[in-house]
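Below, each structure is written out as structure tokens.
What follows is a pair of complexes built around chain A, which joins chain B in one and chain C in the other.
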Partner chain A sequence: MQITIHEIVFFILAAVIIGCSVLAVTTRRILRSATYLLFVLFATAGIYFYLSYSFLGAVQLTVYAGGIIVLYVFSILLTSADNRRVEKFLLGRFFAGLVAALAGAAICVYLTVTHSFGPTYPLGGELPMSIIGEALMGTGKYQYLLPFEVISILLLACIVGGILIARKR
Partner chain B sequence: MEIKMEYYLVISTIMLFAGIYGFITRRNLLAVLISVELMLNSVDINFVVFNRFLFPGEMEGFFFALFAIGVSAAETAVAIAIIINIYRNIRDIQVRHLDRMKH
Partner chain C sequence: MFDFSVVTEWVDEGLRSWLPEGWVLPVEFFLIGLCLLVAYAIIALVLILYERKVCAAFQCRLGPNRVGPWGVTQSVADMLKMLTKELIKINHVDRFLFNLAPFIVIISSVLAFGCIPFAKGLEIIDFNVGVFFLLAVSSIGIVGVLLAGWSSNNKYSLIGAMRSGAQMISYELSIGLTILTMVVFSGSMQLSTIVESQAEGWFIFRAHVPAVIAFVIYLIAGTAETNRGPFDLPEADSELTAGYHTEYSGMHFGFFYLAEYLNMFVVASVAATLFLGGWMPLHIPGWDAFNAAMDWIPSIFWFIGKVAVLIFVIMWFKWTFPRLRIDQLLRLEWKYLLPINLLNLLLMVVVVVFGLHF
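This part shows the complex of A and B:
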């Protein structure tokens, strides 16, 4: 069994995702939780690069790791000024969450491993940027101008809503 | 050895259920939001992996993941605006104290 550097990279990414996503929900301190979420998002971008979807990986890095995490860190710092205490530990809630998560994960992993997905194709090359751009800006079949415009309206509504909700009265 | 498609799906499943565990157990609103973020991210991985391994000639999963990233960014921004507004009103963002907003 030969392990190449390609596979080592994949297993490092997998270990970072699994370890940091479990740590992000088990640590009691909220700022550490956000930091572990940042590592999970970085490793997810790494998975996208690994699958040679570089554009999606770049979007993940800029929008998630660059934008959302900054938003989280600032809102954590804004809202935890006077309650610096660690969250209390509730045994009943802990067991409910643990049982739900473990049972669900066991069922889903079992189904995923035993299900046959049919023929899978080997990893192809990079998706060219010109093809992505034409598909994003076209109005024909399998082209995505309408969702693009809809999401721009959604973002505009979010800007207006965010300002309206969060401004000082 | 070969990296099969199931490996990616197992990773994203573990990430999804870590998010569900956090959603049930955490009581800080921002921690709940972080758990939701984990769940959304794991589903994005699934879209991309199905697109890459089962239908490499098409781009539906790719674009769905792209738009899902945008939608979840918008959702996070509005949720954080709401949380900051709640904090401004009742000086607390623990979930069990939020019923004070009724009175």
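This part shows the complex of A and C:
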């Protein structure tokens, strides 16, 4: 079997995602955990670029790597000043967590095996930005203006809630 | 006008003729990466010398003048010194994060550097979301700065990192909105298309008022984004010794230093690309002889010239204005720049919809 560059890239990305996801939950320091999560998100963005869906890759980098992770790191810096480590789990909790994780993995594997996937390689080249824009902002069939607006209302509610909590003190 | 794709295609054909099929692409990737890193290092050295000379001129000094004629090899000597310095191990730090942080900063800066169209046919990453990608990768650098400040186990570093995080997140909004304003005008996010569509005239002339407002805001926000004076409070040396990179030594410090200068270069070249036409020569519709004369100057010189002028303006800011306080800095962004920016975006939409541009 001939291994192409495409496959090598895919396997490297997949290995990074799996390895860093495991490290993110097993490490005992919270900031390291956030850093491993950052690597997982990078590799996910890498998968989007690999599928030549560069818009989603760039969104992943801006929103998650540049936004959410910065927010996490910021809140960790503000809340835990010292280099505090997480204490060990109780045995009961450990088994409950293990069962939940195994159940989740079983569902994922079941869905992956039974689902029939479309073509692995997308149509050649990148998706033009105007098509994505029209799909996001259109009101016709298979266009997503309404969900987009609903999500923006949700975010507005979150902002108002955040201000309310911050003002209470 | 000389097209650099002639050179790249010649190299490509040469490699294809004497290498087996599967080896051509890896070798080309390697060559491109090598060229990119060499260009990165050389530009950083030139910028450091440029900064010292400009600073000296503003302070009525001569600047470096001992090493080589006019001190041109001073920054090469500095680089050799930096490379041979010891990487000091610091006790009670999270060593993994401490060593990782400079690499995150430099990778973000190199990725952004790779998106820039340097000359006609000389561009490396050209996605159809080019500007957005550039914005996305340059926002990764903040994580590196925050990690560096936290993992140094030093109060000054931590304060510097917090300031820098607050500042970069705030000013990224302004940068994003000004870029959005210009994307509305150009109708494309692909950097090569943006440059090509300025053949009839640079955007700053064609989109007149909103483009000028966006240009000024972009320069202010870009200066803040690169942590340079008058917005240099993350590394305010009189208050915080050196801010988030206080504890770093040797080449790890060198990475932060390089990334700071190269981020300035990236900011200036994005400004040149979006507002001043990138490598596109100055064209005035109707003046055919003038346009032909302008085309004689190679595109790379146009690009470097524009970027050099913009970098001079950014340095001028630094050596002219006193440093802001953190509350003044955040007020400037959230109470002035952001509302002006949103109104300017509206103005640009009106200009585009009613066709009020040239």
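Methods note: the second predicted complex is superposed on the first by the 138 of 169 C-alpha atoms of A that agree within 3 Å, B and C clash if a C-alpha of one lies under 4 Å from a C-alpha of the other, contacts with A are read in each partner's own complex, and residues count from 1 in each chain.
FYI, contacts are C-beta pairs under 8 Å (C-beta built on N, C-alpha and C of every residue); 3 or more make two chains touch, one makes a residue touch a chain.
Just so you know, these numbers come straight off a predicted model, no measurement behind them.
Engineer: Chain B versus chain C on the shared chain A, clash or fit?
Structural biologist: They fit: once the shared chain is superposed, the two partners occupy separate space.
Engineer: Taking the superposition as given, does A:144 touch the first partner, chain B, the second, chain C, both, or neither?
Structural biologist: The answer is first: A:144 touches chain B but not chain C.
Engineer: Between chain B (first) and chain C (second), which, if any, makes contact with A:18: first, second, both or neither?
Structural biologist: first
Engineer: Would you check which partner chain A:38 touches, where first means chain B only, second means chain C only, and both and neither mean what they say?
Structural biologist: A:38 contacts chain C only, not chain B.
Engineer: Just chain B (first), just chain C (second), both, or neither: which does A:70 touch?
Structural biologist: Only chain C is touched by A:70; chain B is not.
Engineer: Between chain B (first) and chain C (second), which does A:128 come into contact with in this model arrangement: first, second, both, or neither?
Structural biologist: Touch partner of A:128: chain C, not chain B.
Engineer: Just chain B (first), just chain C (second), both, or neither: which does A:58 touch?
Structural biologist: Only chain C is touched by A:58; chain B is not.
Engineer: Of the two partners chain B and chain C, which one touches more residues belonging to chain A?
Structural biologist: Counted on chain A, the partner with more touching residues turns out to be B.
Engineer: Touching A:8 in the superposition: chain B (first), chain C (second), both, neither?
Structural biologist: neither
Engineer: In the superposition described above, what is the shortest C-alpha distance between chain B and chain C in Å? Please give a whole number.
Structural biologist: Between chain B and chain C, the minimum C-alpha distance equals 14 Å.
Engineer: On chain A, which stretch or stretches are contacted by chain B in one complex as well as by chain C in the other?
Structural biologist: On chain A, the overlap between the chain B and chain C contacts is residues 59, 67, 76, 83.
Engineer: Mind listing the chain A positions that touch chain B in their complex?
Structural biologist: Per the touch definition, chain A meets chain B at residues 1-3, 6-7, 10, 14, 17-18, 21-22, 24-26, 30, 33-34, 37, 40-41, 44, 47-48, 51, 53, 56, 59-60, 63-64, 67-68, 71-72, 75-76, 78-79, 82-83, 87-88, 90, 93-94, 96-98, 100-102, 104-105, 108-109, 112-113, 117-118, 120-121, 123-124, 127, 131-132, 135-136, 142, 144, 147, 151, 154-155, 158, 161-162, 165-166, 168.
Engineer: In their shared complex, at which residues does chain B touch chain A?
Structural biologist: 1, 3-11, 13-28, 30-31, 33-35, 37-38, 41, 44-45, 48-49, 52-54, 56, 58-60, 62-63, 65-67, 69-74, 76-78, 80-85, 87-88, 91-94
Engineer: Of all residues in chain A, which touch chain C in the complex?
Structural biologist: 5, 29, 31-32, 35, 38, 54-55, 57-59, 61-62, 65-67, 69-70, 73-74, 76-77, 83, 126, 128-129
Engineer: Using the touch definition up top, name the residues of chain C that touch chain A in the complex.
Structural biologist: These residues of chain C touch chain A: 22, 25-26, 92, 94, 96-97, 100, 127-129, 132-133, 135-137, 139-140, 142-143, 146-147, 149-151, 153, 158, 161-162, 165, 169, 172, 188-190.
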